[in-house]
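I've put the structures underneath this note.
The following pair of complexes shares a single chain, chain A, combined with chain B in the former and chain C in the latter.
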Partner chain A sequence: MQDSGIQVLFDGINFFRLLEGLWASIRIAFTSMLFSVVLGLFLGMVMTGKNKAIRFVCRVYLEVVRIMPQLVLLFLVYFGAAKHFGIDISGEMAAVLVFTFWGTAEMGDLVRSALISIPKHQYESGYSLGFSKIQLYLHIILPQTFRRLLPSAVSLLTRMVKTTSLVVLIGVVEVVKVGKQIIDASRFENPKAAIWVYGAIFLLYFAVCYPISKLSTVLEKRLKD
Partner chain B sequence: MAVRKRGYANLHWVMMVVVYKIVVNGSSYNLPFWGENILERKEEKDMKKKWLGLLLTVVLALGALTGCGQEKKEEDNNNQTVRTLEEIKEDGNIKIGVFSDKNPFGYVDSNGEVQGYDVYFAKRIAKDLLGSEDAVEFVYVEAANRVEYLQSGKVDIILANFTVTEERAEKVDFALPYMKVALGVVSPEDALITDVEQLNGKTLIVVKGTTAEKYFSENYPEINLLKFDEYQEAYDALLDGRGDAFSTDNTEVLAWALQNKGFAVGVESVGSLDTIAPAVQKGNTELLNWINEEIESLEEEQFFHKDFEETLAPVYGDSVDADNLVVEGGKVE
Partner chain C sequence: MEQAILQTVALTKSFDASPPVLKNITFSIKKGEVVVVIGPSGCGKSTFLRCLNLLEPIDSGEILLDGKEISSDKKNIHKYREKIGMVFQSYDLFPHKTVLENVMLAPVLVQKKKKEEVKKEAEALLDRVGLLEKKGMYPRQLSGGQKQRVAIVRTLMMHPEVLLLDEITAALDPEMVREVLQVVLELAREGMTMVIVTHEMDFAKAVADRVIFLDKGEIVEEETPQEFFNYPKTERAKKFLNTFHFEALEI
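What follows is the complex of A and B.
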């Protein structure tokens, strides 16, 4: 026991703190994902639209998001807003904003590719049956895209959960940061704590991400029929 | 400031790259970039290039305009977010940025309470300024964002083991120092190095890129240096006897020697002395003056020696002379 270092996880309220950190990560990732899915659906439809100016703007937006590291965006929103406009937003709010900004772009592109993968005759049949554009999307096109979207959307969500480890740089104490705090606080008495703490964090991330991907495979199978 | 400036400069370059990509892709690949629209009519394609040209101009113009605008704003708004001494008193709380994973300077204990040498001082500041230790709101900062936190006014003071350097002094205002760090030399107790001269002709282990490497290679060419990339390798080499001694920041070797029986720090302070000081946003003179007066007045009661006893002594042990680390009244000899 003396040497193993595992007891550091159960010292004081350490384990509770880890869970609290995990909750912060989950809160940010899931809130952002919720907004991203809703906004991304619209963005995806807009991106397949006819208006070139709008499509151009969408394209620039998507490329900016892809090229720009999330960390730069986080710094711009959290520190930049305070410095230039005097807007003091909390770290968690800034994180949700940036992650939504990122997620919407990615989601929009996923929706776009799912939409154009629907055969042309589906659209044409819809129109010829007298469906309006909204009805067409709602009843014919979108239901068909859901199954194609599911795997990539889930992978986006799990990527988001893992990317939350960046938000520590704007002052949000999430699970990895709590882990580092625990390791450091005990680095003199318990130098071997690191392996246990990181092991625990690995399991916590797994416990969050695995059920999500499991759920998506189940849904995928069910939607097939 | 340079850190943030670089951030915006990046944004600019990113925009350029985006525009460039669009130009190149647009002309040579017939815009695969856009994604083909299945409902699109063929004759629309010729219009594409016209639109593209127009939009490129607009984007470039906008980019140039916002770029210039930001440069200007920076000068004007720099001090707007800062809280003055009066405002801090009015609000009844002070935001102090500390480390949460730099034991024993700032760390969170297993009960979730923040502790350490810097934290002890932060609580005293709150007590003397606002009448209560609880008036301090601790903000956990990282080494990489300490300057940003001050510049954006998200904290009033940084007390995060902040070493005074010329480069940093251009971006923030440092108060009087309350701690100093130099190099320390750790060696086996049975062949203890108590003076750097004893190392002539012997092997000294250093970590690449540290001040120790620079200092010894410049000032003591007679000492053979054995260099490693990582601390762990260097310590392992010392344990194996591949070198006669190891040198890096004294706070680091002191803590290590305490954990490793048979080793001791024979030279506790050598090389160029760096100081550690509180920092405030550039131009926040009132707060800066108040901190300086506070540090000077704390000399009388030898506050930082007490701080040392409470927070550092348990880690570094009694063998360490507090005067090698602690600075009272901001005076460094």
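What follows is the complex of A and C.
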């Protein structure tokens, strides 16, 4: 029987190493997302504020993030910081920084649009009942914003998980990097390793992202009531 | 003379650079009085109510609650709003909360009352407007008239000194108007102080102690309802009242 090459996945601790790499990706994506949600919530509220100067600065920030490829940002932070400021940060730290920088902008814009989609009368009936601004946001506006936010926030999270594949280029060993290492190591004895390893990586990404988007559908339905 | 609860002195309000929507309005309402404000659309009725509830900043003049100037005191603004309840045209219940949660939220949160007491009162009030069995439902499961009754209860729960009703039946289907106005009539009978903006002339006749006719941002007439509806003094008021009689239309 012809050798399919699938055994590369089960050689030694190869599969375990792939999972380890995946864990690095997840760690970066989820940590960044956590920061992005918290910071983005504030950014979004600031962006709906009355101050024109602040709104302009936020707008510029958002555009910069959107125009710059994440890879350029990664290089800027990882190599730029080391070279010009003498700050030596790990690749993973740089990745979290960049992803948070990106995610905060995107989350901020999502929060902003969710906030302005809430009818003016919701604010007014709250105020007319004597709510303070904080009470109003905490009990009336944010809970409603949250529901509107959920689908797009989840899609941002899955995009982040997928974009972690870029961090190979600043030397972080995540799932794609581990895959490459395995392929390189078995180049001679198993030339067909690439298809299996990348196939496995494909499925691993799917295994992470699919439950997340499923969860959002469930939550959305639950929150409706 | 009994003291006025809510007063305005020479209130003027404009949006941006356009001519003022409210000009020099001097108005007062005593405890237990029901004042109905009517006038053609765009005359500033709603803006007037919104100013009274400090939702709109005013250009000049004063708003007095129990004799105290409140329009310039931004710091205590929510304290004053507690005392001036308002119900809007678009019955904005909080969609993510049940009927009971909607009416309980403000007393518990803002007035820091005990939950059990608030609940008891909420249920009693909901029962009075015939909606006790709906207490666990969400606003989207209710009809427009039911929502508006809940909105009234939500405001009453704060025990306001004055109630402002801003065209509360304007967004309702005709068959639901009555159930809402019935509630307002009962409140009037119990001595609730109210400023009502409405387009329902028969209702205005029935509920008002005093009618204010507003046109182009000015108080044109201020009369008892009998006087105003039967013997309007100004041309403008006559013209306005005529628009409600179909036989007056030239076909």
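The rule is simple: the second predicted complex is superposed on the first by the 223 of 225 C-alpha atoms of A that agree within 3 Å, B and C clash if a C-alpha of one lies under 4 Å from a C-alpha of the other, contacts with A are read in each partner's own complex, and residues count from 1 in each chain.
Definition applied: a residue touches a chain if its C-beta (ideal position, glycine included) is under 8 Å from a C-beta of that chain, and two chains touch if they have at least 3 such contacts.
All figures in this text were calculated on a predicted structure; none of them were measured in a lab.
Contacts of A:Ile116 after superposition: chain B is touched, whereas chain C is not reached. In the overlay built on the shared chain, the residue A:Asp88 is in contact with chain B alone; chain C does not reach it. Of the two partner chains placed by the overlay, only chain B lies in contact with A:Val60; chain C stays clear of it. In the superposed pair of complexes, A:Arg187 makes contact with chain B only, with no contact to chain C. In the superposition on chain A, contact is made by A:Ile140 with chain C only, not with chain B.
Of the two partner chains, neither chain B nor chain C is touched by A:Lys221.
More residues of chain A are touched by B (comparison of chain B with chain C). Shared contact residues on chain A (touching chain B in one structure, chain C in the other): none found.
Chain A makes touch with chain C in their complex at residues 119, 121-122, 124-132, 135, 139-140, 143-144, 147, 223, 225. Listing the residues of chain C that touch chain A in their complex gives 53, 55, 78-79, 81-82, 84-86, 88, 90, 92-96, 105-106, 109-111, 138, 151, 154-155, 158. Contact residues on chain B toward chain A in their complex (touch as defined above): 4, 7, 10-11, 14-15, 17-18, 21-22, 33-40, 44, 47-48, 51-52, 55, 59, 70, 73-74, 77-78, 80-81, 100-103, 107-112, 139-142, 144-145, 148-149, 151-154, 255, 258-259, 315.
Only residues 8, 11-14, 17, 47-50, 52-53, 55-56, 59-60, 63-64, 67-68, 72, 75-76, 78-80, 82-84, 86, 88, 112-113, 116, 120, 123, 168-171, 173, 177, 180-188, 191 of chain A touch chain B when the two sit together in their complex.
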